[in-house]
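Would you mind keeping the following structure in view while I ask a few things?
By letter and in written order, the chains are A, B, C and D; residue numbering begins at 1 in each of them.
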Amino acid sequence: MITGSAKIKVRFAETDAMGVVYHANYLPWLECARLDLLKNAGISYEEIMAQGFHLPVVEVGVNYKSSARFNDEVEIRATIKSRPLVKTRIDYEVFARGKLLATAHTTHVFVNAEGIPVKPLRDFVEKLSKDFAK
Amino acid sequence: MITGSAKIKVRFAETDAMGVVYHANYLPWLECARLDLLKNAGISYEEIMAQGFHLPVVEVGVNYKSSARFNDEVEIRATIKSRPLVKTRIDYEVFARGKLLATAHTTHVFVNAEGIPVKPLRDFVEKLSKDFAK
Amino acid sequence: MITGSAKIKVRFAETDAMGVVYHANYLPWLECARLDLLKNAGISYEEIMAQGFHLPVVEVGVNYKSSARFNDEVEIRATIKSRPLVKTRIDYEVFARGKLLATAHTTHVFVNAEGIPVKPLRDFVEKLSKDFAK
Amino acid sequence: MITGSAKIKVRFAETDAMGVVYHANYLPWLECARLDLLKNAGISYEEIMAQGFHLPVVEVGVNYKSSARFNDEVEIRATIKSRPLVKTRIDYEVFARGKLLATAHTTHVFVNAEGIPVKPLRDFVEKLSKDFAK
């Protein structure tokens, strides 16, 4: 199974007046783990960009179970659980202080430089599909 | 039906290197419309806070259909479609340039000053429930 | 004197665990007033971008005197106090609750699509210079 | 001389439609290096907070020389160059790809839980003053 992970330290900038991390600020963290997952599959997001494509988030869902706090060491784990087709779905778990803080998923499509959805690059699909039976 | 709305102008700060608004930056916009919905129901979030409570997002989901761009005039509409129980769900639509850019929902619970989930304030539930049959 | 202003309502997302607005979050507000100043001078930032240029911040300075809080109605006023040369300097005052919260300035240069500094567009300089003796 | 440093990897979320890091997003990076400087001096920001104090930024200045880009490995170095008095000033240098991207400084005061400026904690001043002649 292709996975990726990232460790980040919570910045004061990421907290809000509730004293904990503002919910939207988990989304950039997911991206850190997602890029690692792609790298582990042999895919460089910078190369995708250099070829004139992007891989925007077309759907995101997050379930918050416990709060991240200032200075927490947060680990985000990303997994791809199904063969990518037109859309690619990635699942995430966010941990800190030995606790699962949140689960999440994102769904992605390829877009060209004009932002128009296009078929995913064949190489991208193949590299992410190698663990899935056809 | 209780609704709320907010109009915002996209800030350059909200864009990313894809040239459009970064997906996480829609979440604070939802909050603007949510606060208006609460206000329209006679609920002040500042009073909730003054009483020692918060109403964090415990779940968020967003479907992105089209991109928001720098300087866009974005309108966010919030609706409460079901009677709030322990959880309160709010649905959103995000528009710009005459197009639906995204749909979203958030789910909320009450927490006390320690961040522990508590029963929602009775007044809060009543005000948001008045349009729903018991 | 060419001026511009913007009114924004403080978002919960802009606060931090100190209970007030995080200091970095004033910078996008300055931009709102700056764009209004340019518009008042007959300059569209979108046209500058369409011609392949940007006007990045090469220097920023902020003095924080009092805190902005969640839900504050903040007004930002921008003024250009000196004739733009290679660099253009804009000064700002940030107000809320009848108080001056902060003073700030930004300095800008023109860059081309590769991010290389270039001479400012003549039209830009002329429009911003009309109030200054040669 | 008391110094601190932090290494961060530029997040896509930190870029803007100019294709580089948005200028305001350097400020949270400074904070990462500042916290390391405090730690190196034997000061825990979390303890300061636990005692009911904060150390807000009352002044910030940044000079941007070159742009940070997506995925850059950025190093931020913080130095305290003068004995802290009522105000504490910290200076920064931001590097990536072997280049100095920016220089910056922040000035801080102590505030109590109500946000009122107070005398800095004696222990804080002593720890940061040990390298400076009286």
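One rule holds for everything that comes next: a residue touches a chain if its C-beta (ideal position, glycine included) is under 8 Å from a C-beta of that chain, and two chains touch if they have at least 3 such contacts.
If you're wondering where the values come from, they're calculated on a predicted model, not measured in any experiment.
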Next on the checklist: Looking only at C-beta pairs that count as contacts, which pair of chains has more of them, C-D or B-C?
Outcome noted: C-D
Checklist entry - Hey, which one of B-D, B-C or A-B is the same interface as A-D, over half the contact pairs lining up? => result B-C
Next on the checklist: Using Cα averages as centroids, what's the distance between chain A and chain C in whole Å?
Outcome noted: 33
Item to check | Geometric centre distance via CA averages, chain D-chain C, whole Å | outcome: 23
Checklist outcome for this item: chain B and chain C have mean C-alpha positions lying a whole-number Å distance apart equal to 29
Checklist outcome for this item: Multi-chain touching residues of chain C, meaning two or more other chains, are 12-13, 17, 19-20, 24, 27-28, 49, 70
Item to check | Sites on chain C touched by chain B in the complex | outcome: 9, 11-14, 27-28, 31-32, 35, 45-46, 49, 70-71
Checklist entry - Mind pulling up the chain D residues that touch chain C in the complex? => result 17-20, 23-25, 27-28, 49, 54, 56-65, 67, 115
Checklist outcome for this item: The chain D residues in contact with chain B across the complex are 12-13, 15-17, 19-20, 22, 24, 70
